[in-house]
Amino acid sequence: MPKVITGTPRTPLEIVDGLAELGVATVHEAQGRIGLLDHRLRPIFPAKIAGNALTATVAPGDNWTIHVAVEQAQQGDILVVTPTSPCDDGYVGDLLADSLMAHGVRGLIIDAGVRDVATLTEMGFPVWPKVIASQGTVKATVGDVQVPIVIANQYVRPGDVIVADVDGVVVVRREDAASVLEKAREREANETAKRTRLQAGELGLDIYKMREALAAKGLVYEPYQGD
Amino acid sequence: MPKVITGTPRTPLEIVDGLAELGVATVHEAQGRIGLLDHRLRPIFPAKIAGNALTATVAPGDNWTIHVAVEQAQQGDILVVTPTSPCDDGYVGDLLADSLMAHGVRGLIIDAGVRDVATLTEMGFPVWPKVIASQGTVKATVGDVQVPIVIANQYVRPGDVIVADVDGVVVVRREDAASVLEKAREREANETAKRTRLQAGELGLDIYKMREALAAKGLVYEPYQGD
Amino acid sequence: MPKVITGTPRTPLEIVDGLAELGVATVHEAQGRIGLLDHRLRPIFPAKIAGNALTATVAPGDNWTIHVAVEQAQQGDILVVTPTSPCDDGYVGDLLADSLMAHGVRGLIIDAGVRDVATLTEMGFPVWPKVIASQGTVKATVGDVQVPIVIANQYVRPGDVIVADVDGVVVVRREDAASVLEKAREREANETAKRTRLQAGELGLDIYKMREALAAKGLVYEPYQGD
Amino acid sequence: MPKVITGTPRTPLEIVDGLAELGVATVHEAQGRIGLLDHRLRPIFPAKIAGNALTATVAPGDNWTIHVAVEQAQQGDILVVTPTSPCDDGYVGDLLADSLMAHGVRGLIIDAGVRDVATLTEMGFPVWPKVIASQGTVKATVGDVQVPIVIANQYVRPGDVIVADVDGVVVVRREDAASVLEKAREREANETAKRTRLQAGELGLDIYKMREALAAKGLVYEPYQGD
Amino acid sequence: MPKVITGTPRTPLEIVDGLAELGVATVHEAQGRIGLLDHRLRPIFPAKIAGNALTATVAPGDNWTIHVAVEQAQQGDILVVTPTSPCDDGYVGDLLADSLMAHGVRGLIIDAGVRDVATLTEMGFPVWPKVIASQGTVKATVGDVQVPIVIANQYVRPGDVIVADVDGVVVVRREDAASVLEKAREREANETAKRTRLQAGELGLDIYKMREALAAKGLVYEPYQGD
Amino acid sequence: MPKVITGTPRTPLEIVDGLAELGVATVHEAQGRIGLLDHRLRPIFPAKIAGNALTATVAPGDNWTIHVAVEQAQQGDILVVTPTSPCDDGYVGDLLADSLMAHGVRGLIIDAGVRDVATLTEMGFPVWPKVIASQGTVKATVGDVQVPIVIANQYVRPGDVIVADVDGVVVVRREDAASVLEKAREREANETAKRTRLQAGELGLDIYKMREALAAKGLVYEPYQGD
């Protein structure tokens, strides 16, 4: 039986917005290099957002469930859609994007296709699809909304935080969001200091004190004798 | 025996140009969601064109036939090239593009590679290739020109209309072009009205009166009880 | 045993810079259509560079060796990195890019992933990766630096010339670099003359005197009789 | 509007059966190296069959149309199924195979998935699918039966001959079937003679008199001087 | 911090063994067409097993964690391994298979590579890998054992039931295993009855009473008028 | 200019045959986990061979060079063929296989397609192709024979040893062949001893004394508290 779960938890937007500023690469490292969605999801234009996951499953070639999902949207959500078997059809176009924006949705993560990308770009509605494809869909089978899903190798629950930018898409569990934000900020501060040293020509070998460990691994330096 | 078919029919350019304005997604829906070429064909820069299909088959790694095709070109054509077995070589570069433009060709759809894309972009010659690749080709085997071909999952005949934009590429049969244009214009008018309602926050569930059908499918709403 | 070869030869930068101007497609044709890396390597932003190959192998999911490579860099190098088994992790981000730039490296060719692409774009550090991916790496296994490697179907030795632009990446053997530069310049001059004729509408069939050879291959012209 | 075309032509079974004996590689060469379906279609067990194409299109994830197709089957048909957009679901299992066999269908060519392959193998019902996959399908959208389709890069009409074996799948146009059968038999006779000579150690270079043409292409023989 | 969770629940083996008999396709349908792992996982030889999931994550190119997992094995387990980023290396060979068999493990599901397949086949140790690959691994990074994982598009927890056969791999949640077994048995009984009718030539159109619904969808039958 | 290098070195057959017995996985490990060709090359039937590499490059869709290569064959060679750009055509069928066998060639490694696989299997001529495909080739362009090539990610020179079995294909440099054989034999002896202990239920954790190193990496054991 298809179902919509109502009253699901969400992560406070001040935490969500903090994560958006830091971006995918930093957040991903800060939480221990986990949670990255497969890199096949790419943005249709450069953008950097975060939001609460509003999840949905869809049948192959059928976007009916997305209409159901719109009604569940809240300000600051990101719609996260996975087909029940792999499909490259264009599930979302400008009309659904209008509807999603009108209901406060900040963007769309979809392991399938999107269409009308010229219009979506003008509208400033960012999408991270697997492909750009116009192939239409029908409205005959209903999926689930606001249930835990697997998308692009990650497990995402309603209200987990999605961070998405040019580097890709990462999910942060809602119970970890606050602590990940803190660690990510520390990490960024730390990186700024390191970048200055590296830009000045200091070697990572010295900054990170790697020379001894490399020698222990047996690394040798040999003069060139032809190849 | 390789052959060139001469005197093939073409679709009138006023119909072709009308279809160009409407774009791939609208035309594709208007003709009943058929005719879309596989989404692996992507534009090298954003463009929106339509034209009469000037078809050619090429041997793998051999672009000789394209020189034969140029002579058959007429104002308003789009060259549509398919290899006889899958090949990613760069069949067309700036020289062939010069020649094609000089003969009125509006763009190139090719289920293979293209090269010199920086120059092609400066020239404003749009191409929808499978890949960008410099790998050269030879001139030893001749294919056919202006015969029906299969390209990227679609059957295309000379003079069928090709519409191509950022969303992909669609073919409209020449005998259907006038009626598809009409339906596409109706569809677009209809969509504009719907977009206004959706932007105002009305739900697709209500506009399309989906609630009863969804209930009939067994869709239920359940309160969250943890995940 | 992992090793670093020191004192490897390099191609003089005046030759390297000459090849950069001509670009991938011309250089590739000029050296007899060889040396092209697989087209899966694509630039993260439009750029056109050449440099001496600074080669490195890395273990899957492990970027330790890249820190070792930085120390071997010289002005005008391009870092060329291949994993010992296919891997899409993001081996290089903004910190390593800072370090590479500080040591004179002009860009990165990597048959794997890169991250922080928004920052790399701002910095003007060009990369030709297989994918954009944030997935982090560890520092536990050491590879080789400045040894001959196979990357994306080509054999590349330290000091071979890498030319990279929007069309892809080509390698020129260091002993061939001077003669390839000469041939590429001739080719370009020759192409300019041909482009003028083609832009004026002359046919390749006539310029290249193909009609007789095509007839010998059996090419026939037949009037359209329906399809 | 979905449709079933009735009364479509078929190729006489004595021609069909003759083509089955010769196999895919010989038939494909005999008709001028055309008509081969993409090699992604592979047999689930070694088999060698031919039959009249009984064509059907299916929506992604929806096998309803196949039930419609069964009723149109005649003795000696092969069911040929293409999804309207790429889909890897398992459209056919043991029940549909029972039904197809009961109606004289010799096998299934499908550019999608099949399941229950252990049972199909026991039953001796050969299938050339894209993948083996259990993912189920729904029955909500109807496609067309006995219309021309594009499948795996080829255009197939009802009653065209399908030949399938371990090498893959080839289509022969029904109007060409008799003449292709004749040419294929000649080719096979010719090949047997050549095989005897080649098995005895004669070189293709001599049998096909290639040496002069190779020299004309500039082929040179050079002694080894190290690599 | 890498971790091993001890004392995880398991599904009783009488339920597990019941599911093994029914096979993947039937179990998958019986639980509402969910839980199927991506079809890229294929058996190295025909086999039909079920077991309790013993889960592990591994770093790319690093099989150290599998040694840790062996110690946690119990009679009737199936080892289920997912890399933290996609990797095709050969994580398991005959030695680890010896060890797994000695500890009661019935087979291996791995979204990566396996090697020594000739020996594994002789031993009768079934594996469903993504690829067959000899590329070795290191032992430098530790993953987790007996934690919930995502593998090939599915979420699998320790003690969930894995069913695997020639059709692929399906996961059944441990809390659903008993009821799924019951439904799958009913389904199988029902299918046997239907198969008899279909083998006798009755049409699915009639057995499932589809004719009215098809007409309602607009399906029409038209006589052939050429193609 | 295409060329054939004559008088290239070969590895003595007693070394070659010794490597064949040990198989790909053992040889690959023994030489330090290098030299493995990409796993996309798979055997058309189970076989285990080794031989001296007889190398050739071919143009896409053109098998002319293979006829040239046959003349260069010696007893105990394996033909190793790489296309100059990726191509899936069926370059070799039963006739060329007859010719190759008659000249002492033990098998074929080809990063492209092969056809007539039923006949090749009856003949006992093993092939490791990328795909099985009947698509024919022409004879218009000549490549090189007995030059160093890159195939499936590896650099192979004439006379390097190719070992191929169900696990894949590995290349051993001819200058390393004798020492690799020795190391591989030691490795195998060592493995036999370890297999006995593992079959008896001893843990790798103990045999390889891993517990301390794992603890140093921070591995912890935690009791299950739900998931």
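Letters are used for the chains, namely A, B, C, D, E and F, taken in the order the chains are written, and counting of residues starts over at 1 for each.
Heads up, the rule we're going with is that contacts are C-beta pairs under 8 Å (C-beta built on N, C-alpha and C of every residue); 3 or more make two chains touch, one makes a residue touch a chain.
Given the structure is predicted, the values throughout are model-derived calculations rather than measurements.
> Going by the touch criterion stated earlier, list every chain that contacts chain D and also contacts chain F.
The shared contacts of chain D and chain F, listed by label, come to B, E.
> Among the listed pairs C-F, B-F or A-B, choose the one whose interface is a repeat of D-F, with over half of the contact pairs the same by residue number.
Of the listed options, the interface copy of D-F is A-B.
> Return the distance between the CA-based centres of chain E and chain F, expressed in whole Å.
Distance between chain centres: 30 Å.
> Taking the mean of the CA coordinates per chain, how far is chain B from chain E in Å?
40
> Would you mind listing the residues of chain D that make contact with two or more other chains?
Residues 33, 36, 84-86, 88, 133, 135, 141, 148 of chain D touch two or more partner chains.
> Classify the chain contact graph as line, ring, star, complete or other.
Chain contacts: none of line, ring, star or complete; other.
> Could you please write down every pair of chains that are in touch?
So the chains that touch one another pair up as A-B, A-C, A-D, A-E, B-C, B-D, B-F, C-E, C-F, D-E, D-F, E-F.
> Under the stated contact criterion, what part of chain C meets chain A in this complex?
Touching chain A: residues 1-9, 64, 67-68, 70-71, 88, 90, 93-96, 98-99, 101-103, 113, 115-118, 131-136, 139, 141-142, 146-148, 157-158 of chain C.
> Under the stated contact criterion, what part of chain A meets chain E in this complex?
33-34, 36, 38, 84-86, 148, 150, 153-155
> Residue numbers of chain F touching chain E in their complex, please.
Where chain F meets chain E, its residues are 23-25, 28-29, 33, 36, 39, 42, 46, 48, 165-168, 170, 191, 194-195, 198-201, 203-205, 208, 210, 214, 217-224, 227.
> Within the complex, which stretch of chain C touches chain E?
That would be residues 59-62, 84-89, 135, 138, 140-141 of chain C.
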